[in-house]
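Below are structures written as structure tokens.
The same chain A turns up in both complexes below, where it pairs with chain B and then with chain C.
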Partner chain A sequence: MLTRPDDGKLTFTYDGRAVRARTGDSIAAALLAAGIQVTRATPVSGASRGPYCMMGACFECLAVVDGRPSVQTCMTEVRDGMRVERQDGARGLAVGA
Partner chain B sequence: MSYDVAVIGGGMVGTAIAYGCATRGARTVLLDQGDLSLRAARANAGLIYSQGKGEGLPAYAAWTRRSIDLWPDFAAMMEAASGRSIGFRQRGVIAYCLGHAELETRRALLHRMHNQSGGPAAPVHVIDRRELEAMLPDATLGPRVVGATYSPRDCDVNALPLLRALYAGFLQAEGVHLPECTVGRIAPVGTGFAITSDRDTVHAGKVVVACGLGIPALAPGVGLRAPVRPVRGQMIVTERLTPFLPIPGSGVRQIHEGVVQIGTTTEEGLTTPATTVGDLARMAARAVKVIPALAQARLVRSWAGIRPMTPDGCPIYQQSPEHPGAFVAVCHSGVTLCAAHTGPLAEAILAGTLPADVSDLHPDRFDAHAT
Partner chain C sequence: MNADLIIVGGGPAGVSAAIEARARGLSVLLLDENAAPGGRIWQALEVRGAKDADDAAALDLLKAFRACGAAAHWGATVWTIEPDGVVYWSEAGASHSARGAKVLLATGTTERPVPIPGWTLPGVMTVGAAQIALKTGELVPAGQSWIAGQGPLVLLYAVQALRAGGRLAGILDLSDPAARWPALKHLPRALSAFRDLWKGVAWQREIARAGVPWIRASDLRAVGEGALREIAFRAGGETRCEPADLLLLHDGVIPSVQITRALFLEHEWSASQRSWRSVTDAWGVSSVPNILVAGDGAGIGGALAATCAGRIAALGAVCALGKIDVATRDTAAAPWRAAQARYNAVRPLLDTLYRPLPKQLDDATLVCRCEEVTAGQLRTAARIGALGMNQLKAFTRCGMGPCQGRMCGATAIEVMALARGVPVEQIEPLRTRFPTKPITLGEIAALTEDA
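And now, the complex of A and B:
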């Protein structure tokens, strides 16, 4: 578990739980700093996945952000009041949209 | 070290032949380069595909048919060898048509194949939009999709786990894999061959030159020839999506794990495996015209690969007239023909010949004037 001298002034939720973040944090960085390592389950085996490369390459850290699925949390900056949810299984497309 | 067979080239074609020789009891060595070599399998869309194959060359249609016939049993052997799925499915393949002109072009191709000696490699039908919708109940087609051609016996597979399974089966059959070596010379020695690489010299009774675009540099030394040129193919994959395309398509295919694969291009004369935004955008735009909901899908990766292409697009197989025991094999459809390469081709090479099926796929055909 990481500790931060200043855990920031922003607040977002992860599956309803309040998480603090500093301005400029990616969602993935703030989650890791709060001890949250899992953001989704892979649709292939159901195993847990979470932030890994932290630079947009591995696509392991996907989560649902403000209702939008498959967001790369390591590439998305935290905004105050953001709602982040664990993503389980594959995303469906809105057929006909 | 002395072997019965040396195969030069550890890609889809060479590894299939090496696997076929080793599993038939031949002491086989596979000389391979490294991860930086071109690896045509990287740009293979993973279809086991018959449509249009062998137009003007019925032997190619027949050879494709033979491989498709062998594929289901071969896929089971590959999954047993590697202990994991290679994503093989025999659900047919759809070639989508946007607009009536495309449909008529496809219909004319089917008609020509139907009238050719031996017919098409596998059954293929023109289907209308309504039939297509019934086959894809979870997808909404774009307004310009007027129909498709559908070949129900065709299959798809994941090319990379397939290549991995071939390696696993080759090693289980006590084949010897020599990676990170570049062959510089093949020399006839006695009744066999000495193959010299930057790593070592190996001796073998037979040698199969199956190194794709590396063939022209090596083959003439032992009286073989296979004119090949590079063709670049670009690919896109999306994030994993809930399964909604149960039947693979040419250009748009949802693999069993949920990813949608889009591509590929056929670009001449390029040897750099780089992507270009314009080509990727055109491929993606066509996929969205077929399935508009794909516009919401996130693209995860794009890449390019370099594949060998022969002058008529058909495979080339030859045994050297001056140095019997030296063979060359090259094709653009290493996945479709994989089952035939591991089976009848490897068996014939061990017997010191080529299958009768491929006698018309000899490079001498490039000397004759087309009539």
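And now, the complex of A and C:
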């Protein structure tokens, strides 16, 4: 696993659970630091997936961020109070999403 | 917002090109998806600060870039480039466009995929990914963390992680021992880059001193239900299983061809690097005259070679736009060409020593992570008549997911070549399409004509 001694002063939630983050963290990095390796279930088989490349290439770390689906969490900086949720399958076609 | 030169990518090649172009009077717009300049190798370096002389030199370059007067947009994801030089990008939820008289693509590399059984399990990542987590968030490996694969980054990351207080359960060296002998003939030329070679030796010693087991292995599998639990591999004539909660894979890097392919630029197969790269002339000019390619995206040479390529491409653009004459261009480029040759000298040795791992995959191993297509399905498609990668996509959906072939393209073409019994370069490669990153209709609708 990946770890670090100081988890930072920001707080966001992942599926309702409070997660600490440092300023400048990507969401994916903060999740990994908290021991969370899964961000989504695949549309094809429902298999669990999580951050793999950390550079915006693999699209494995997609999650729902503040209600917006299919966000690349490795390319999105954490903000205090952000609401991150596991993405189940493909995104829907919600108006305004 | 138009510019003489639009640069896509703020890594070593991109920032070097920007500095040179600005110094010679061009207006420059640089677009990068990340939060700051530096690309992957110097990611977050401005925040981390310099730890050694190499970092310090890189930091000086980034400072020069910050001061050069280029308009830089961070968090800017380029999604379409038209051959006439109009570039579209998404930034903070809205799309923008600008036209460049010249467009320089400095989009670097992605890691070559290492498709092993179980490589999609959470807990399996790339070495590059862990290095980004280290550079940007000071995350270090602990618990049962393993590295597997080959190449200089394996050594570099292991050393960086250990120095930062990380712990590694072991390193599985998947390289082919037989590659050492053919690599020897490239050693004399590589000796001019003795500093790099010496670094490699010193890193290996440092890893050994830290007590990290270095195991020559093959037939690696990641095992677990829903997450990585253990790894299995062959070593010393027996099969071993070890508990694992993190497995970091690496097999070198390959040029990112996502945008260059979508632009229909001419590409060539590099036999030594087993990857496609765009064809460029001595000034980085692609088969489309106003589109330039520089840095690792045009063939792997490393960061310092990329800085030279960026300078050379910028000088070419400055001359083509009439700001300097040919003699001035050639004189200014000469020292960069000499340096580039020096940095590239070690490449044939590394390319031979770490030639990519063979792609003799089990039928059940996933090749396409997005659409969950196995090697067996690809072979079946080849058997029933799929000839090229685009037919393969139509038959199986391999390459059709959101990553658009970034994770499967390099593997699928090798599997296809083996299945059909033809060389890779004879197989029609995967055609990428704009938008090269998925964007919402809302973002396109919010396209603004920037003044």
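Note that the second predicted complex is superposed on the first by the 91 of 97 C-alpha atoms of A that agree within 3 Å, B and C clash if a C-alpha of one lies under 4 Å from a C-alpha of the other, contacts with A are read in each partner's own complex, and residues count from 1 in each chain.
The rule is short, and it goes like this: a residue touches a chain if its C-beta (ideal position, glycine included) is under 8 Å from a C-beta of that chain, and two chains touch if they have at least 3 such contacts.
The structure displayed is predicted, hence computed values, not measured ones.
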Partner chain(s) touched by A:Gly56 [first = chain B, second = chain C, both, neither]: second
First, second, both or neither for A:Arg83, with chain B first and chain C second: neither
Partner contacting more residues of chain A (chain B vs chain C): C
First, second, both or neither for A:Val44, with chain B first and chain C second: both
Partner chain(s) touched by A:Ser70 [first = chain B, second = chain C, both, neither]: both
Contacts of A:Gly92 with chain B and chain C, given as first, second, both or neither: first
Which of chain B and chain C A:Ala29 touches, first, second, both or neither: second
Touching both chain B and chain C, residues of chain A: 42, 44, 59, 62, 70, 96-97
Interface residues, chain C side, partner chain A - complex: 33-35, 40, 44, 47, 110-111, 120-126, 128-130, 132-133, 136-145, 226-228, 245-246, 256, 369-372, 401-403, 406-407, 437-438, 440, 442
Complex contact set, residues of chain B against chain A: 138-140, 239-244, 257-258, 292-294, 296-298, 300
Touching residues (chain side chain A, partner chain B) in the complex: 42-44, 59, 62, 70, 89-97
Chain A residues within the chain C interface of the complex: 1-4, 22, 24-26, 29-30, 32-33, 37-38, 42, 44-45, 47-60, 62, 70, 74-75, 77, 96-97
